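Both complexes below contain chain A, partnered by chain B and then by chain C.
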Partner chain A sequence: MTSLDRWLSNAAAILLALLWVLPLIYAIWTAIHPAAYEARFVLTAPLSLENFVKAWDAAPFARYFLNTFILVTTILIGQFILCTLAAYAFARYRFPGRNILFTLVLLQLLVMPDILIVENYRMIRSLGLVDTISAIALPYIASGFGVFLIRQSFMTVPRELDDAARIEGAGALSILWRVYVPLAKPIYLAYGLVSVSHHWNNFLWPLIVTNSEETRPVTVGLSIFSTSDSGIEWSVINAATLMTSAPLLIAFLLFQRQFVQSFMRAGIK
Partner chain B sequence: MTRRDWIHGWLLVLPAMAFLVLFTHLPAITTIWNSFFSTPRGRRPAMFVGLDNYERLLNDPIFWKVLTNNLWFALGTIPTSIALAIAMALFVNRRFMGRGFVRMAYFTPTVLPLIAVANIWLFFYTPGFGLIDQVIGLFGYGQTNLLGEPDTALAAIMVVTIWKEAGFFMIFYLAALQTIPPQLTEAARIEGANGWTIFRRITFPLLMPTTLFVSVNAVINSFRLVDHIFILTGGGPDNASSLLLFYIYETSFRFWDTAYGATLTVVMLALLCLLAIGQFFFFDRKVHYK
Partner chain C sequence: MFAKFFQGAAMTAAMAIAGTLPAKATDLQFYFPVAVGGGAAETIESLTKEYMELNPGVNIDAVYAGSYQDTITKVITASRGGNAPQLSVALSVDMFTLIDEDLILPFDDFIKTEEDQAWLDSFYPAFMENSQTGGKTYGIPFQRSTPVLYWNKEAFAAAGLDPNTPPANWTEMVEMGKALTKRDANGNVLQWGVRIPTSGFPYWLFQGLTTQNDVILANSDGNQTNFDDPKVVEALEYLVSLSEEHGVMEPGIVEWGATPKAFFEGQTAMMWTTTGNLTNVRKNAPFDFGVAMLPANKRRGAPTGGGNFYLFKGTSDEQLSASVDFIKWITEPEQSAKWTMATGYVAPRPATWDTDTMKAYAKDFPPVLVARDQLEFAVAELSTYQNQRITRIFNDALAAAITGQKDPATALQEAQAQADAILKPYRVGQ
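The block that comes next holds the complex of A and B.
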């Protein structure tokens, strides 16, 4: 590549990057300045956190955050346990129906609970769980993607390690816990990050099954806050928007490398 | 295989399987079942109506409208995001000043909730004092109403989707690019091939498995991602920007016509099946996948 080529493509890369962050930078700009500076870009504009305070006071965001936190933790713990057990069976056990069951697991990669909203709502209602945090979590507790991902990594564990532990008298579950899980740590991190960011951001299903402050996650809370017709200023809505995305955004900026690698790992197997 | 192994295997799979069956397989089946019944209303229970719901579907102009919209949405977002993703991955795959920033810039939209993304973009699109109007106002143009015009609403939604997705797809291409041996491109360069030829003849073919993987995901996403529609247009004007899943939501949870909602979901399931079959054949023939 000639140096001119190189220079041109670097310039293009940076130009595209600037274009790409522009919306976010703009949202940050309006959020940290008084409403009068919404579209006036002067460097001397006074900074203020007032918009965040207003947003925080105008809606029960603390509760929404708590709900989301409970939601993503529940899902993560459930997924880790169920997917680990199933992945172990698919990776190391032979049993009748194994292939059919594994196909059924993979089917969920295509037919996600996200699109089965009508019947899943019926199911949740018949269980009497409408408007609970469990209702939001239940359809996602078992994840075909998680089983697949963890199985892939379990299959790379040398059988000798497994046999050695067995000779020493370890049971199946203790082998899983002592040998397999520690060796698959990077995959758990990858899957965990993907799962948390996915469920933090999920909107449609929580919108359907929740209808009170005590259960709504931040995404639903934010949509209600920003679509209410009470004439809330733009800068305040932008502050609320940033607030709800902030935990993930900050985590992403701090652990950028791990995030990117996690998404890569979760994708290429 | 021993008896004990069987039982262990089954017990380990059981909990995950139970949840999968309860919230994926069973609902998929009852969706089809319920599409042959009427919606229970008040004291009137659901009644078997045969193919009535499907007849209604065929005569429902809104259904055809959202289906066409979904097609345009897929055609408008998938190739563009994939092309951008490849460009981004090629940009970031080399070392240069500011690479960290550039990669971060591309990937950041991925971690934002789609609802938040929609809020941010709404301010660009708002007629009059949104940023787009402010900027073109400087050049003497009048107001626009991109989200309010039937001709532009869907396109405006597509732009937001591309912004959100391209960086995500970039990751997969980045991973794939790192597995391409540098000797290949070096050899081509020595032979005198220019950058474009190298890309077209070596890099792009080797990225084919990734492109297929990403395309399948992108198609699924084009059915699944409707969050931003709630904020930006609400499907309007006159369903110009409504997509299939959004219509399912409206039918089932605004008008509580769950039987028709189920019928619409069957269409979605059928389309996903087609995708799976297509993928199966395509993967088998065109791509040497590891």
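The block that comes next holds the complex of A and C.
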């Protein structure tokens, strides 16, 4: 690569990065300045945390954060257990109807979750779970995407490892735990990231199936700022948005290297 | 973690079973949307609490349900899932949709005494137009609004106009607009004359123009639209001419949400927007401003907007009577006055304006009376069966004309043809 080439590709990368980060910078700008500076970019503008205070006071965010945290961990643990067991069966066992069942799992990927809202609601209601965190989590725990992703990664594990473990006297579950799961670690990390960020941001289903402060996630708290009839207060909205997305942003910055590596290894983007 | 999860699930299951046993107190569930800033949710919750203190036998669970759009999704899902709330606030224009889905009950079944009837008759007729059909009342006006004109008095004075006289008709709005539009040496606009937002739901403010041109967009049975009426075309031509011909309004789609900000920062000298913005403007406008009725053409006119109370099918008569009782209480003058002052919505009964609280409020801040006085000239907001689809078609036609992709007449004729195709099944038997 000539130096001009390198210079060009670096410039392009910086430009793209700038474009990508611009909305975030704008959000930070408006959030830490008084509303009068929303569209006036003066370096000497007074700094203020008042927007965050206003946003925090507009809804019981402490409770909402706790709920969201319980929600995403519940979903993630449920998905890992269920998807791992199902993926193992699909990858390594031969049983009648295997292909049909796997096709059904894949078909789930094609169905938009929004179509199922009424049906899911009926089911949740017949279980008596309306207005609980479990109700928000349940429809997402048997994830077709997770089963597919983990199965594909299990398929790449050499049979020899499996056989060797068997000769050593390991049982089926012990092989799964000691051979397959460790080898698929990057996949778990990548899938976990996708799952957590998706459910952190989910809004419609939680809003519909919950009624009380004790069960609602942060996205519902955020929605009270989208007051369509009156004007939009960008400074407060951006403060609230930063506040609710901060845990994910911070986690991503902390674990950035691991994430990028796992994505590279997993080959998904 | 997991044990807790299942424990929680088991407990809620047990509670749900217990919940099906007849309870002593009447439990009501009440969904409400929030569409304006300024603590609307807290006001509803505190009013509900106050009612429960006065009526110990009734327990109301007030549930915030997001925007109007989210609320209607939530209420339809819950009803289909066999778990309908007893009452909910939803857009008044969703009446036909809710009737079509067979989810709501008319209030007439619960109107037993003369006093009840008097209550039903005590709302402004302009608000009841969107609440009644086929001789029955399906909605009780609650958070209702109407668009008004806000003007910047300082900008008027700077342009050599009388700061206390807003435009009274369409011609004056163009003339004043021309005087108010300021350009720099390069021809870039520093301040526009007027701003009529056209993003998202352009049909609402456009309905102001059609009403002023003396034409109604849809009949009261909700199955016939008049989109291609020559007077509607004329109204759309006027709207387009504001930017195209006269150059007094920013061309293209004008953002709704950014409009108050543009007004505060002097990018426009006049704006059309909802009365729901009154408190916001009062708090944030750094100059002296005025509020006026929308300018007239063949007549004065404006649409109404906002949300009504609805009663939902699927629960006991006892719960429904208790719901009606609650609605009666919350629409009483004193409660209604609190609500209006907290949000800027127009109090829906004349009696509210006669309370001392409201009189004092209006004396201190006379612009609140403009919206009330305009009600005399107001008509029902566009509402039909299949309302979402019909308004989408109409909005798309308006957007096509505003952005210059189609001329107004063609766009509206096409919209009318599409609306006819959708509404045909609803005209059977008439």
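The criterion applied here is as follows: the second predicted complex is superposed on the first by the 218 of 269 C-alpha atoms of A that agree within 3 Å, B and C clash if a C-alpha of one lies under 4 Å from a C-alpha of the other, contacts with A are read in each partner's own complex, and residues count from 1 in each chain.
The rule we apply is simple: a residue touches a chain if its C-beta (ideal position, glycine included) is under 8 Å from a C-beta of that chain, and two chains touch if they have at least 3 such contacts.
This is a predicted model, so every value here is computed, not measured.
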item: First (chain B), second (chain C), both or neither touched by A:66; value: neither
item: First, second, both or neither for A:45, with chain B first and chain C second; value: neither
item: First, second, both or neither for A:77, with chain B first and chain C second; value: second
item: Touched partner set for A:129, first chain B, second chain C, both or neither; value: second
item: Between chain B and chain C, more extensive residue contact with chain A; value: B
item: Partner chain(s) touched by A:141 [first = chain B, second = chain C, both, neither]; value: first
item: First, second, both or neither for A:116, with chain B first and chain C second; value: first
item: First, second, both or neither for A:211, with chain B first and chain C second; value: second
item: First, second, both or neither for A:93, with chain B first and chain C second; value: first
item: A:157 touches, of chain B and chain C: first, second, both or neither?; value: neither
item: Chain B and chain C footprints on chain A, overlapping residues; value: 38-39, 117-118, 121-122, 204, 207-208, 223, 226-227
item: Residues of chain A that touch chain C when the two form their complex; value: 35, 38-39, 73-74, 77, 117-118, 121-122, 124-125, 127-134, 204, 207-208, 211-212, 220, 223-233
item: Chain B partner contacts - residues on chain A that touch it in the complex; value: 1, 5-6, 9-10, 12-14, 16-18, 20-21, 23-24, 26-27, 30, 38-39, 81-83, 85-86, 88-90, 93-96, 98, 101, 104-105, 107-108, 110-123, 138-139, 141-142, 144, 147, 172, 197, 200-201, 203-204, 207-208, 218-219, 222-223, 226-227, 234, 237-238, 241-242, 244-245, 248-249, 252-253, 256, 259-260, 263-264, 267-268
item: Residues of chain C touching chain A in the complex; value: 1-2, 5, 8-9, 12-13, 15-17, 29, 34-38, 41, 61, 63-68, 70, 73-74, 77-78, 80-83, 145, 200, 256-261, 265, 274, 276-277, 279-280, 284, 306, 344
item: Complex contact set, residues of chain B against chain A; value: 1, 5-6, 8-10, 12-13, 15-28, 30-31, 34, 87-88, 90-92, 94, 96-98, 100-116, 119-121, 123-124, 129, 131, 134, 163, 167-168, 171-172, 174-176, 195, 210, 213, 220, 223-224, 226-227, 230-231, 245, 248-249, 252-253, 258, 261-262, 265, 268-269, 272, 275-276
